[in-house]
Amino acid sequence: QATKLLFEMSRSGRRAHHLPPLPAEGETAASLLPADQLADAPPPLPELAEGDVVRHFVNLSTLNMSVDTHFYPLGSCTMKYNPKRNERMASLPGLVDVHPLQSDRSVPGVLQMLYELQQMIGEIAGLPGVSLQPAAGAHGELTALLVAAAYYRDRGEDQRRYVLTADSAHGTNPASAQMAGFSTRTVKSNAQGLVDLDDLKSKLDDKTAVFMLTNPNTLGLFDSQIKEITDLVHEAGALIYLDGANMNAILGITRPGDFGADLMHFNPHKTFSGPHGGGGPGAGPICVRDFLADYLPGPVVEKVGEEFRTVDPAKTIGRVRSFFGNVGVLARAYIYIRTYGKEGLRRVSEDAVLGANYLLSKVRHILDVPHGDRCMHEFVASAKKLKKEKHLSAMDLAKRLLDFGFHAPTVYFPLVVEEAVMVEPTETESKETLDAFAEALFRITEESGDVVEHAPHSTNISRPDDVIAARKPILRWTEKDK
Amino acid sequence: QATKLLFEMSRSGRRAHHLPPLPAEGETAASLLPADQLADAPPPLPELAEGDVVRHFVNLSTLNMSVDTHFYPLGSCTMKYNPKRNERMASLPGLVDVHPLQSDRSVPGVLQMLYELQQMIGEIAGLPGVSLQPAAGAHGELTALLVAAAYYRDRGEDQRRYVLTADSAHGTNPASAQMAGFSTRTVKSNAQGLVDLDDLKSKLDDKTAVFMLTNPNTLGLFDSQIKEITDLVHEAGALIYLDGANMNAILGITRPGDFGADLMHFNPHKTFSGPHGGGGPGAGPICVRDFLADYLPGPVVEKVGEEFRTVDPAKTIGRVRSFFGNVGVLARAYIYIRTYGKEGLRRVSEDAVLGANYLLSKVRHILDVPHGDRCMHEFVASAKKLKKEKHLSAMDLAKRLLDFGFHAPTVYFPLVVEEAVMVEPTETESKETLDAFAEALFRITEESGDVVEHAPHSTNISRPDDVIAARKPILRWTEKDK
Amino acid sequence: MNGYLFHTESDRREMLRAIGAESVQEIIDGQVPPAVQMKRPLELPPAADEMTLESELRRLAASNASVSSHVCFMGGGAYDHFIPAVVDEIASRGEYYTSYTPYQAEVSQGNLQVMFEYETLVSQITGLDVSNASLYDGGSAATEAVLMALASVKKRHKVITSDAVHPEYREILEAYLQNIDAELVVVPASESGTSEGILDAIDEQTACVLIQHPNFFGRLEQVRKIADAAHQAGALVIQSFDPISVGLLKRPGDLGVDIAVAEGQCLGNPLQYGGPYLGIMACRQDLMRRMPGRIAGQTTDRRGNRCWVLTLQTREQHIRREKATSNICSNQTLLALRATVYLSLLGPQGLKETAEHCVVKTNQARERFAASERFELVHAGPVFKEFLVRDREGDVQALLEHATDHGVLAGVPVGPMEPKWKDCFLVAVTEKRTEADLDRLMKVLESAPADEANRLAETV
Amino acid sequence: MNGYLFHTESDRREMLRAIGAESVQEIIDGQVPPAVQMKRPLELPPAADEMTLESELRRLAASNASVSSHVCFMGGGAYDHFIPAVVDEIASRGEYYTSYTPYQAEVSQGNLQVMFEYETLVSQITGLDVSNASLYDGGSAATEAVLMALASVKKRHKVITSDAVHPEYREILEAYLQNIDAELVVVPASESGTSEGILDAIDEQTACVLIQHPNFFGRLEQVRKIADAAHQAGALVIQSFDPISVGLLKRPGDLGVDIAVAEGQCLGNPLQYGGPYLGIMACRQDLMRRMPGRIAGQTTDRRGNRCWVLTLQTREQHIRREKATSNICSNQTLLALRATVYLSLLGPQGLKETAEHCVVKTNQARERFAASERFELVHAGPVFKEFLVRDREGDVQALLEHATDHGVLAGVPVGPMEPKWKDCFLVAVTEKRTEADLDRLMKVLESAPADEANRLAETV
């Protein structure tokens, strides 16, 4: 049953918000502004009482699955538990109520936190130059590529106009390259799901700027050829960019800087416990080698004696968003890293790997897993056989899982696996939950095709018509819908 | 589908909570305590991870109906909207983190708030002596009766051992009288649902201590004979206690002190916007006439010059709970009263009366309403006819309403109405909601008896077996249930 | 018009039309005799919008010292324990705090299951069979336990307690017993701050004994010994205990106690100047039907699923009216929820470690006071998380005000509760306190000049 | 081990057994070449428990001046507007903040409906047809709008803007345009702080014009005139606007603008030192398929019920990869939710009154500065909620530090962004400010001794 929209609940004259009266004497706002700039009436916003607003949004919230309510094994998204202490600490007035243009001297605590975070993620990356500014992972990719472009321009290597991306890469990689003014070339995966070295070699030349690599890759595999890859790229005079989406697999185990990456981004909303916020906000801090640090966007935080200062790097590319960055998101990452500390972060990755391999050991008896029986923090199964035998798609499987009280895995990604089902359990799910998930998956494969095909059955709505939505887009409520 | 208990999720060795290590040197806790006092092991609490705990309690919460999610017309409970600003302001560290035994000088803000609240509710009651100490309405009743007892003892009228209560009164009235050492006598209601004056007269004598009156009464009627009643009681030398459960009907319209009450309690969790907290905490501040103020429990707040002090009244009965009172609940009442202010509180009651009468005007075409076609803030219908004609009880009706997305009204209370259905819509529901509720009620009376009898159909569980629960009580989980 | 009203003027007109009334005033006039109607508006402050009121409340809140702004060593029945963020997050969900007593079980399984889990946890920390779903606070719970015992042990009217029981709890007991047939005997504590005297006071008229362990002075009582003596005399034993203490100490049920009560504030509930708090009560199986307050129990629904309901309601005032076990008809669900979440997070190991922190740090503090020139420990022997200190300079109130002015809530003055302890104060040390906090406490207290203290005292 | 892990040692053993591995290290060794594995632990601080870390964070937070501890007159793109408690209450529900992008519409109707409502509200405040579900922030949204215009208007590469547009927004634009085929022209503002110069700069090479109204100096631009000129020349017009301002001022769509962008922080989002914020973007219908970011749309499910889905995904990088409209694949749902709740609460009347408060109070502040000896207003003419002030003593940084030390965040120094304004600062006045705040502002600023200011400046 569909829920009423705010606009359909509106009733002329209802109010929830009140301000103190302005002084009766004195000029009115309208008299202080030019008449031709004034609107005839304020925008036609809905008119509601406070109780309406609260009930509406509380009830709406319960139509979402979330980490707080369900297992959410969405591959590549690292839907781990979002600690409540992060929310509480990051909401302290001295952090949350700080204006972005306050002087350095008036925000020593904020700057100390940000400085320490720079140090910490630089250490985790093995790459000392850090900018906390990018607002999301894709934004971090773009920013790093702008840094690479500035670096080449500075070195007079403007001919390096190509960015290589893997065919298994996130779609943001080629899109970011495009936005940064590069052209892209795709590097194939081999049968093992790793980089095809011959294909890579064939695409490397003195026009290559950057190879954008995801490692562990989107199949959940760490590329065992990593040294060869990075050596080849560096020999060609190009840089390695690491898409940090899968950092949850390798914290304290191996560092991008150690295995040859020159630039990378983190997804603190994934690796450092989010939260994801229904799609955002995230953040996309980047780490780079020392010779690239001067090109980072500003401001960054420096420590001078006991004081912290914001400064712009010497050859900065400028800025990629207003103000410092997504400080609220970064604060949560800071609290998370401090909570696990040096002892704990490696254990996070170990348990993420353990959980994924355990689930894989069960799932591979239920679905094909084309790329081996071991993985890092996630794995990609294929519903190919189900399609052939029962005419059920990965999508059908995903929808039916909802009925069992599980969020669906990522499906149809990466593109290199047919009917892909990409499962990332994270380290914050119990063995019991993983068992129950595998059990559900098994039961679904045994169910009648009809039941699965029409799933989900227990959710608020059944499957929506995406085609009509895109063909005849209705993107807002209008008065005539009332 | 039943939900797992915490204890069933426990796994030996799992942990959510950590403290910093104690210094390695120095004495251990065990060595500092006598061996014979030490337990062999800590209590067998469940062992859980933080993510488990959060998901468990978040999911459990969604099994409740609440004011934030549903219309909750529970008669006599005043389930009005619970303002979010109350929660935020009452949670300011300077209010919520104050130790109860701090010196007066260290809590001027708290004392100012409590003093002003005393003044404000004294004004609303028309009774100047105020104690904020009682923890709930029933606790206020008991406290007021202890005050009355002390007053009579002081006057040498120890023979006044009887408390009169109306047959339509809340069960707490006679129970409180009993606890305060009084015996109770019941005063009948007349055909109009008001106090039967003849019966009252026949029970008044020099052994009468207090007449406990609910006005407006539990039928939602203001007793038009109020002056006669109070005059009769006062002439007999007894006191009038007003059960303030229904104060939401008369704020600023009439005051208990003005219509003859000598003592009363407020239910701030009802009248002053709660919240109800799933059954508590509430508070039960009492207001009394000046000649009773010296007997109130201490401490109360006094203003001396510009300073606020806690003092014990001269002839205090002592205290009825530890510390000052339910300050957190009182703070919300304070914020609520300040929000509406002098202009608004009367409007609250007017809209509560308007809403109830509007709903009554619709419901009386659906169900019998034995006591007239007008009411104050609530009314009591009867499912008697439904019982006779379709063998459906008030309980069946209540259960079926749940399927329509409405919390049930209070049923089988007051006892003076057969198959009672007691509806209190409050002032914070829209006309649209009241219309939808009446519509649901109508549809249910038209439905097949079978559907109604087996309701609810859409809730997490169907009707529980209350009889077995009471006959073979299982009041806790035990290891063997695992 | 500030506030939360819904009806627009046109709504009001439509509704009045349906009712058949000209105005709300007409409806009211039909109900409330004009003679008793108010002729003037209420004398209250004007309506305040959210922004303005919040700014005022922020100023008002900021004027108070608090355990957020100050380092807290105050106890005396309410303690500054750490509250994990999860507790606040859960308790701030509207489905919990804006629901009511679960009369309709089908749409209240959340609250009912929490109540059942709470009851189980209380059983686990008390070692007793049956818990209710909570009472108002620790003080009134102690009195309710005494009333329960008086009702259970027929024809006995004597209640024995000790002055090592929280003075406020004893005040409540006195107020409640004032008008009913009961005699209260308060035995003085020994030199060492414990209640052996109770053993001699127990006689054949004794209905029950109320002890506190760890007691008001933080000292440990010989509960088992007292319980044995009481049982021998046919009396019941009630223990007020500290829920944190059972992380290390034997539980009331393990000591032979019949009814255990406690202040549950320490289990994840904020101090808020005294309330709302959480009254914990548990008892032996055979006292179950005398238990006051709400109780949730397990049953099955019509489909055979396990579920929970309010049960044993025949004890209650809705049905029994003047014959009810008690007049209590609410419970502190929201605070019980907080305690449930708190104990779920701590688990056995967390509770034990919290208790260990209290004991070790309290001992560290005791050693510092013992070593000080100005102060002395009133009682020798082990304590749990607080202890009584004597100020040889004598003016405790001024001393503590001095400390407050220097950022430390140094302790609870016990003089106002018991004049004989007027030169003493209680110091409580929870797991939250650090070495640096202890340094600060001693520095601030020792820096309070005796004469300045006296001067301050005169002006206060 | 602090943290949130689940597996007990026995869990780990069982899981390894099922996997058929001896240890996790064995699994890792099979994946990660030992040569690139770390040989040492990460150099990070030790693990910190919640209690200890919170106490540290509280100290750290308390060391910052903030709009909670100080009276705030800072603006410059981020404003201290009042945030109703309802906004926080809703946004702190786990179902919102711990869910992800609504890929599975059936279990994401909450977020999807909020996105659809948000898009509708953005249409309502912009007067434009189509809104996306939000972008990163106001600054990057302005740049995304320029990229969108460049892609829409074929074969034109010139982008015209004015230095009355937020300097940081212009910096972003420069950084993004650096590597692509585009020319950026920045027209200086007139003496009166407005951008008439744009009219002369528009030519047949112009792809788009980016203006801000009210502009960086709080001044009102002649948007309609500029839009007409741009359209005549075949260029698109982008307006960065203040969502509060449209409570009184004409909306971008009413002024003929093609794409409107805004910083949505002012709509119920906290300042938090700059982010996360909310990038608002809306456009005319015909630009819809060029729009970057997520978009939710209405459709029906198989049962025929109205519902919501992510739509127009063929624009996106998952499918189009290097041919995508933009690389953005997240949106700021949580902040869009806050804006949605905020606008629902305010309604038309609340938004209007908020705008009125800003205008009236800003004017009161302007009058005070105008009357002051030390300060002068840089621009004459009407402003919305901020204005530029010149300190005749000249050392703005020291002046503002002095104010901060006295509890007032008096304004934004613009010198660091634009050296030509080094003796100036922006003063913003929201509805939160009171008469008493204005008194305090002037008192604190006028009490800053010029020489002390200079001295301070040297040491900072």
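Letters A, B, C and D mark the chains as written, and numbering starts fresh at 1 in each.
By our rule, contacts are C-beta pairs under 8 Å (C-beta built on N, C-alpha and C of every residue); 3 or more make two chains touch, one makes a residue touch a chain.
What you see is a predicted model; the values in this text were computed from it and never measured.
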Contact-richer chain pair (by C-beta pairs counted) among B-C and B-D: B-C
Equivalent of A-D within the choices B-D, A-C or B-C, defined by over half of its residue contact pairs recurring: B-C
Cα-centroid distance, chain B relative to chain C, in whole angstrom: 19
Centroid distance [mean C-alpha coordinates] between chain C and chain A, Å: 46
Intercentroid distance (Cα basis), chain D paired with chain C, Å: 47
For chain D, residues that touch 2 or more chains besides their own: 1-2, 4-6, 11, 49-51, 54, 58, 68, 84-86, 89, 92-95, 431
For chain B, residues that touch 2 or more chains besides their own: 11, 14-19, 49-52, 54, 58, 62, 68-70, 81, 83-85, 87-89, 428-430
For the chain D and chain C complex, residues of the former touching the latter: 50-51, 54-55, 58, 68, 82, 84-85, 89, 92-94, 431-432, 434
Contacting residues of chain B [partner chain D, same complex]: 11-20, 49-52, 54, 58, 83-85, 87-89
Residues of chain D that touch chain B when the two form their complex: 1-2, 4-6, 8-11, 49-52, 84-86, 88-89, 94-95
Residue numbers on chain B that touch chain A, as the complex places them: 9, 11, 49-52, 54-55, 58-59, 62, 68-70, 81, 83-84, 428-430, 432
